[in-house]
Amino acid sequence: MLRLTIFGSSHGPGIGCVLDGVPAGIDVDRDDVQRELELRKPSGALGTPRVEEDRVEILAGVMDGRSTGAPVVLFIANKDTDSSKYEKFRATPRPGHADLTALRKYGETVDLRGGGQFSGRMTAPLVAAGAIAKEMLRGLNVQIAAYTQRLGSVVDDQERTFKEVRRQARENPVRSADPTLALDMIHEIMEAKHEGDSVGGVVRCLVVGLPMGVGEPFFDSLEGEVAKMMFSIPGVKGIEFGAGFKAASMRGSEHNDSFQVVDGEVSTITNNAGGVLGGLSNGMPLDIKVAFKPTASIAIEQRTIDLDRMEDTTIKVEGRHDPCIVPRAVVVVEAATALVLADLCLRGDFIA
Amino acid sequence: MLRLTIFGSSHGPGIGCVLDGVPAGIDVDRDDVQRELELRKPSGALGTPRVEEDRVEILAGVMDGRSTGAPVVLFIANKDTDSSKYEKFRATPRPGHADLTALRKYGETVDLRGGGQFSGRMTAPLVAAGAIAKEMLRGLNVQIAAYTQRLGSVVDDQERTFKEVRRQARENPVRSADPTLALDMIHEIMEAKHEGDSVGGVVRCLVVGLPMGVGEPFFDSLEGEVAKMMFSIPGVKGIEFGAGFKAASMRGSEHNDSFQVVDGEVSTITNNAGGVLGGLSNGMPLDIKVAFKPTASIAIEQRTIDLDRMEDTTIKVEGRHDPCIVPRAVVVVEAATALVLADLCLRGDFIA
Amino acid sequence: MLRLTIFGSSHGPGIGCVLDGVPAGIDVDRDDVQRELELRKPSGALGTPRVEEDRVEILAGVMDGRSTGAPVVLFIANKDTDSSKYEKFRATPRPGHADLTALRKYGETVDLRGGGQFSGRMTAPLVAAGAIAKEMLRGLNVQIAAYTQRLGSVVDDQERTFKEVRRQARENPVRSADPTLALDMIHEIMEAKHEGDSVGGVVRCLVVGLPMGVGEPFFDSLEGEVAKMMFSIPGVKGIEFGAGFKAASMRGSEHNDSFQVVDGEVSTITNNAGGVLGGLSNGMPLDIKVAFKPTASIAIEQRTIDLDRMEDTTIKVEGRHDPCIVPRAVVVVEAATALVLADLCLRGDFIA
Amino acid sequence: MLRLTIFGSSHGPGIGCVLDGVPAGIDVDRDDVQRELELRKPSGALGTPRVEEDRVEILAGVMDGRSTGAPVVLFIANKDTDSSKYEKFRATPRPGHADLTALRKYGETVDLRGGGQFSGRMTAPLVAAGAIAKEMLRGLNVQIAAYTQRLGSVVDDQERTFKEVRRQARENPVRSADPTLALDMIHEIMEAKHEGDSVGGVVRCLVVGLPMGVGEPFFDSLEGEVAKMMFSIPGVKGIEFGAGFKAASMRGSEHNDSFQVVDGEVSTITNNAGGVLGGLSNGMPLDIKVAFKPTASIAIEQRTIDLDRMEDTTIKVEGRHDPCIVPRAVVVVEAATALVLADLCLRGDFIA
């Protein structure tokens, strides 16, 4: 019931989105949306030198600071575009990018500049829309917080409470839930950058306050809808809920979360299910892990092909790129989660 | 463009599906559909004692063995139903099941018998519909084969070719790509069964012949659509493509798949991407891994609660259940993959 | 949110439908559904000699007489099929039928027997599904009643109250709101039948009790959704709301419905709007008129072409057909209206 | 497959639309789009004094004058807004407008200014999107032309050829297909205006070149999709195809269009079907008539109610309004038709 359309491309006039289905009366504050967008920006020495102001404008759907019930349109003008380097990728496709497949699918008119519609920059409107979805969920007391659970070889293997994540993750540029690990992660990125290489990682997203019964199985299960949205984020290669892949090697007696009554409230003692049973939220915290591959654009010379001559060649991708997108992806994962949950809460009549 | 509706429940008159959007002229042979269904059945001593004949009927959409362009309807009558044991789960919900969440969401009229609409039995119509999707893909020379890559502690860590999987996986009851590992897996299941416990596992699905450009990003990416469908299969807790979660700890220089020209054809040297870039198939084999949790229904006594008295209690789930659903899930994963690919091939005009 | 799929064809194993999105707990009584179906049957000497028992079965979605929240599946087996006469229509298409266009669109595998998926018989599952939609609306006190407002040259130009329609229309075989006009209409049909010809007509449908605000403009307006559904009924050529086409020749001062307060309730003095303003119900009775063309199948010899020889020829359509489908269409129009209103009431949260 | 979202409101920052599903490589010329918009503007003394520049901008989806395959976004900034007069309509709703129903549905935050999302101004983005749809159809040689077939008491009862309409309708401000009738229609409008009143009318839209088989029955019939879209245009109260409501009083032998072979091509001798049979185009010209009510906003004093005091009162609507929107609606009807046909041609694979 909440329909999101992302539009624009990295090097056109701008990017934006239409969020249709927002109920009338939701607070929509441009500054709140802007604040979320700031969290997506590259952070100083860690990120790409491309610095977009990313100033969001509300083009429609909001009057006097509140949604009117009509589609909400957000727009971010592109400023700092330099597309000169992209033309050659039509002939020599970049490994790890969709240059070649996009050319084959959409033909020569496809916009490859800055990755075109496959650019990581398309996640900016996702974050902007997510800010509105978060506001919709706030009325239900549903809260979302994500952090960098793994960055290259640095793994945060501690169980983290929601409060801890909420308090720590926005305090350091790598969005770690632990200040000490944050330093290790920064080091990992700097090292990769120095070598002209990149690193991947895992973002973990926790949601508290979600009522029981969110999700619309058979097909529109809670996990299914979240997973589909996550794979729209460039670079995502895997997703798991709760024990996830570890569940494959567990026994049922170990994996099943036993019910308990505490102070008259039902809960489970463990949370191997990650907050979902039978495609429905079960009242426990939602626990999602999303795997990101290392950034495909690296300075190191790579093998590729020359499509005109149909022969092997090499390429050095000289654009301005992030050695690691994981820290910037943390707020994107939160936004993606918020959008799916707001939609399912509307569908299940949890939001009026 | 291919819309699937699953209907029925484990203990009602029967189960079935409507597959809308099948082009006219596709061969639909009842016996072919039946053969796929046989692969989903429990296998002798390894599985549940419930033995359904699972005879599929074609109620509509097929004339003289070919689809007419109208919705195809398949129906499987329930025969061997014994729902007497399910009523008590309304008061004492089973750990690992959606009894409690379903009651809260749908109210007292919900059908919990045999898991109701959350029953693993609902995957039978999925397999039946998948048989038709496979037939649709056959015209494109797209082929799908899955196998049990992990079963509890038994891991198949060999790279497997499509042909190998195709040849081996249907030759043993656990759907292993290796006859020796098959024995270990059988042992693993028998052991869990003996202890009244259950085990999980990982199904790996390979697809060859998929043309470049299948997928409809931004939101309807190839990975996103596959992932959403997989999470409709009861027990799935994670999914990854290609290197998947391993990609999180790789460097870009290691993860990027270099292009090469071999005999005038473009391919990549490695396949860490698992056949998908930018939400589109890239012409390499699709490589999907799906994690299944251990069966929730176990004979061992578990802690739960008494909802009437709101106090802790215990439960022994006495129904007839599988100690491991992974081998039976192999053909379900194939069917789910086929349905998504047939839909995306229709949407991308790969199928006329 | 209420998704209806119609399946089957006039001369296959049977016809039916899947109604997905019915909330749990709605009373679904097979006999009630059957009663609605009886109203769609041809009436003695007035209709086609084809007599189908049209016994409806509930295959899924209902337990102990109430909906479970899962898709409801209804099935009607075909009994009295005689398709021998249809094969020749592939070579000599019937005027007024979709034989030729269907062949061009779906190819040679299309099922033309009895009109295939274009058969009027496909409205039986629509009526069955409509019975459930009516039950959903009953909880809101929304009531629907339709009648034959015109039949060939016989016009009922009286303003009719809902109660009058409710009381009269089911009492005579032509569904007239007036017993005297009913006789004229019967005469009109008998005359056309005698001449081997057919007649058209207009069905008027009134809805009372609809709350204000039903409809989801911009695109999913109340009129738009109703109109789309009506044009799925074979033979419909026009639809209008309230003053409809007459509004085109009216002045604004005459057409605008003035508001009034009566006993503390807001209403309009006239109802030229037919109960809809700005795509939303306005609390006044919904007033819909639907034009039906005369039955295309007539016994009189008609000009057509021989597709094999590509030359002019003639055809006499010898099947068993209705000289007038309008009386049978009355309950179909009610069902179509009920399905759209139930869907829009779900979408607008008027039904929980 | 072509999804249109209209956004903005009459008195916010601007209005616009997102057209998703436009294939890559379609010519999109801003000036062409602008030219269509000019046809929607009020014409001198005949229309509203509100004069919007209505300059359209392409925000996304087009590169170097051609669509990229990504969503196309068009935006028209509002300039001449004067919303001071609208606040009082919250307390004293205007007859013929959705003020009251919108307030009840969306609550106090709804934007009533200039009609908010129910404003006729929302048809400007529809026309802009329609210009792109027309370009998509041009490749198939499908052409669309509409004209004012009735305006108040002035009726154009001549059969009109497509060429005639094409040549004449844009040559006079009332979009008549006949220069003499145009003068009568102008007179009709001036008279209504002089009296502070308004008039309605009928727009007839013809489409030539449409291939056989466009439409996706059962539910997404050609008539159904066109009808649904038309009812999104403010003021539409009825729609008919071919003989339409007249068909209700015809005999089958008179209404059926006989087939003929002329120069090796199949056609029908008459076109009572209006180009559609069984929900599919039949190769004959599409013939659509759309009834518009007279403009609801009139200067004459009208009866209404005071919602605060719940008592009867009167209102004079002083805004700047059209005495007749029919001439401006002609290009809107063309655009609506183009959008539906482009979508159905994509769905039926008539457009690659």
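Letters A, B, C and D name the chains as they come in the text, with residue numbers starting at 1 for each one.
FYI, contacts are C-beta pairs under 8 Å (C-beta built on N, C-alpha and C of every residue); 3 or more make two chains touch, one makes a residue touch a chain.
Note that the structure is predicted; figures quoted are calculated from it, not measured.
The chain pair with the larger count of C-beta pairs in contact, out of A-B and B-C, is A-B.
Seen from the Cα centre of chain D, the chain whose own Cα centre is farthest off is B. A straight line joining the Cα centres of chain A and chain B is 27 Å long. With centres defined as mean CA coordinates, chain C is found 40 Å away from chain B. Each of the following residues of chain B touches two or more other chains: 6, 105, 117. Residue ranges on chain A touching chain D, taken from their complex, read 3, 5-9, 12-16, 18, 20, 24-25, 58-61, 63-64, 66-73, 75, 105-107, 109-111, 116-117. Those residues of chain B that touch chain A in the shared complex are 4, 6, 93, 95-98, 100-102, 104-105, 117-118, 122, 150, 152-153, 192, 197-202, 212-213, 217-219, 221, 223-225, 227-232, 234, 236-245, 247-261, 264, 266, 268-269, 272-274, 277-283, 291-298, 300, 302-305, 307, 310-312, 348.
Here chain C touches chain A in the complex through residues 1, 347, 349, 352, going by the rule given at the top.
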